[in-house]
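Some structures are shown below for you to check.
Note that chain A is present in both complexes that follow, paired respectively with chain B and with chain C.
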Partner chain A sequence: MEALININKLNLFYGTFHALKNVSLTIPEKAITAFIGPSGCGKSTLLRTLNRMNDMIPGTRIEGGIAIGGTEIYSNEVDVETLRKKVGMVFQQPNPFPKSIYDNVAYGPRLHGVTSKKALDEIVETSLKSAALWDEVKDHLKRSAFGISGGQQQRLCIARALAVNPDILLMDEATSALDPISTLKIEELAQELKDKYTIVMVTHNMHQAARVSNQTVFFLNGEVIEYSDTEKLFSNPTDQRTEDYISGRFG
Partner chain B sequence: MQSEALQSNDNAKNAPVKVDAYKFKNERVSIMNKVMPILLFLCASVSIMTTIGIVVTLLTETYQFFKTIPILDFLFGTKWSPLIPPKSFGVLPLLSGTLMITVIACLVAVPIGLASAIYLSEYAPKKVRKVIKPILEVLAGIPTIVYGYFALSFITPIIQSIFPSAGIFNALSAGIVVGIMIIPMVSSLSEDAMSSVPRSLRDGAYALGATRFEVALKIVVPAALSGIVASAVLAFSRAIGETMIVTLAAGSTPNMTANPLDSIQTMTAYIVQVSLGDTPHGTVEYGSIFAVGMTLFVITFLLNILAQYVARRFREEY
Partner chain C sequence: MTKRKEFDQGLEQLHNLLVEMGGFVEEALVEAMEALKVIDIDRAKIVIKKDPLLNQMEEKITEIGSRLIATQQPVAKDLRRILSAFKIASDLERMGDLAVDVAKVVLRLEGQELIKPLIDLPRMAEIVQMMTYESIQSFVQENVDLAYKMAKDDDQVDALYGQITRELFSLMMENPRNIAQASLLSFVGRYMERFGDHATNIGESVVYLVTGNRPDLNQ
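Entry: the complex of A and B
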């Protein structure tokens, strides 16, 4: 597995708060990398630096670098919108737009200039199929996205993200608002998607990380304590703090 | 009071429990509970009674007026000449004057108000918003007579230098200034509606590679549309009822014209003209201001209902 994302001595500050401390990581291509750790450990913050969603929070300051496919994403030559097209994101709460199912998926492609009805139809169908939602909604694409269940909404959000053809998919605790069955569906979906996409997921749920990810990163207080193959991290952690966390002694 | 209460408590400890102690009765509480609702209801009914009074006065006077002037002549007549014979009471010139002012005002206020709302809600840093919002609200507090002077002494000369044919009194100048006056209404209400669009929707669009402007225009504005439309309709009805600016700057020539550089007269300005003049009570001319007032009342009333309907009907859930 080749490294797609290289994070090099990254420090991030919210005002005076030092949220990420000297983080260095490589994230492999076409695999699932999971970020775990207790609340406030910086795992979501790091995820949000990968598509520069942190830019919008006033007072954020960054030192060090993140390169995706060799390009430094915080350099002046990068425009954020194009970056975000390549690095899709799914959020904790399903956040479909107040539009129809079809328009939700077509939103991104339309934004980026796709206008032909035929092309849009095709994108909507493939995206919904990739998100394992097509069979459930194909007969009522024109209905409001609010009419489907929370789990379906989250898969719709995944379809929406896939519709702009990203390389990387960020999942920010994407199952934490869902019931166990919907969660399972999303996990299975992630397993399928990793053949085509590089997936980085933040999860509160250690078991989820153990079930689905190839590589796991353990964060504590803004630092990366340990990262390795998921199997090794959970069966044979090198750091005492990792062992304490995964065995449920804190967090 | 307190020491008394304590004492009685002490007594109660020694003496056998009296049934009275458990009656849970208190003069203060029961009087308050009876009096306060009545008092508050009376206060609330002041405005209701006033409204009823106004409607009744309008209706009776208007009824008297329509006894002499047929209602159809009033509604569809195209000549308004109530003071100078041959007298004629066709309300359309006043209506068209009012409508022209209102349309010009909305053409000014809706785009500018919406643009400032977008700026305030989507672009402005917190500090800037903290300064601009109060300033906009001050604009809403300026007496309309001052706006009237502003129209007459500032806007009109500018218009005249661009269009030499424009009169001292013209609809354009008054319309523009009425528009400026209602900008804060549009921007403030629209901004409230846009700010209440949840962050998660914006995040979703940003994460797809939308620019700030695309997020504002394609996500936030549609999601806040009910509030925005309602603010525009309210502004429209405010513009229709505006009096001082048009009395000062638009002139007093009831005139069915499509040219905004002409002098016109609005319904409100006509009412001012007659109220201030020496028109004797009980005459047809005097009655005409109630008919015009009634027309105005019906229009703004319908518009306010429309605004409420729109706000409910187009509410996008999120």
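Entry: the complex of A and C
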């Protein structure tokens, strides 16, 4: 597996708060990497650095580097819009636009200059199929995206992210607002998508990390405590703090 | 700090049941061997009669362990603790059966004189009793060194077993009328030898519980 994301001695400060401390990680491509840890441990912060979502938070300061596919994403030459096209994100609450299902998926490609109806139709269909939503919505693509269930909305958001052909999909607690069946569908979807995309997920549900991911990173107070194959981390972790966390002794 | 009252209580129940089973099995072994030494039928019958209690304890362990897996989703050492409990309980249950097998030999010897005074069989029993005690202690203390030390004693058990079978074979050859009883006594040697192997298995489970690795102590 190629190391797609290289995080090198990353430090992040929100004002005076030191949120990420000397984080170095190599995230392989075409696999699922899960970030786990108690609230405030820095896992979401790190996820958000991967498509520079933290840029929007005033007072954020970053030291160290993150390279994606060899390109330093915090260098001045990098266009953030292009970066976010390559690194899509799905959030905790499904956040479809107040538009039709079709227009939600077509939004990104249109923004990036695709105008032909035929091309857009194709992108919408492929993306919805990739997000395992096509069969459920193909007959009413023109209906409002708010008319479908929360689980379907979340898959629509995934389809929307896939429509601009990203390399990486970030999932920030993407199933925590969903019922168990919808959660299972997203988990299965993630398993399928990892053949084509690199997925990094933050989850509060440790068993989700155990079920779905290939590697797991355990964070505590802004530091990486343990990073290993998921099977190893959940069956025989090296660090006692990891053991205590995954066994529910704190957090 | 800990927020897992119910889970920890369940694990403690498993722990206590295993210790109880260990004590039960040791006693069954001692009683069966004492009964054999003087062919005490009543004593042997008590060993047989009590065995279902041991089976019930094993079932209880399966029940509690399954419930914890279903409701608590244990990982890492918690999971190994439950898996080891299943395995150790199964070994202890088999050890109880072997003590019953010895007691059944006593019943079949009813009314007979022993063809020889029993010396090596009680010695084997003493060693496997000590191994059983130490295997349970290694579990209680999570003491890997003790598990390894205990497993070494199994060599003595195997050596005694070889010696006993040779001796009994020569008694059979000397006088064919010895064959029935000598066969039964050599079975007892075999039961003791198996008993020791199960104690060694418990040691392996302890090493797995503590380290996550499965060694082979039965070598």
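Here, the second predicted complex is superposed on the first by the 251 of 251 C-alpha atoms of A that agree within 3 Å, B and C clash if a C-alpha of one lies under 4 Å from a C-alpha of the other, contacts with A are read in each partner's own complex, and residues count from 1 in each chain.
Operating definition for what follows: a residue touches a chain if its C-beta (ideal position, glycine included) is under 8 Å from a C-beta of that chain, and two chains touch if they have at least 3 such contacts.
Treat the numbers as computed from the prediction; the structure is a model and nothing was measured.
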Partner chain(s) touched by A:T82 [first = chain B, second = chain C, both, neither]: first
Residue contacts with chain A in the superposition, chain B compared against chain C: B
Touched partner set for A:R249, first chain B, second chain C, both or neither: second
Touching partner for A:C157 - first (chain B), second (chain C), both, neither: first
First, second, both or neither for A:E29, with chain B first and chain C second: neither
Touching partner for A:E223 - first (chain B), second (chain C), both, neither: neither
Partner chain C, residues of chain A touching it in the complex: 206-207, 210, 234-237, 243, 246-250
Chain A to chain B touching residues, read off their complex: 51, 53, 56, 58, 81-85, 88-89, 91, 93, 95-99, 107-108, 111-112, 144, 146, 157, 160-161, 164
Partner chain A, residues of chain C touching it in the complex: 1-4, 7, 73-80, 212
Residue numbers on chain B that touch chain A, as the complex places them: 125-126, 198, 200-201, 203-211, 214, 218-219, 222-223, 316-318
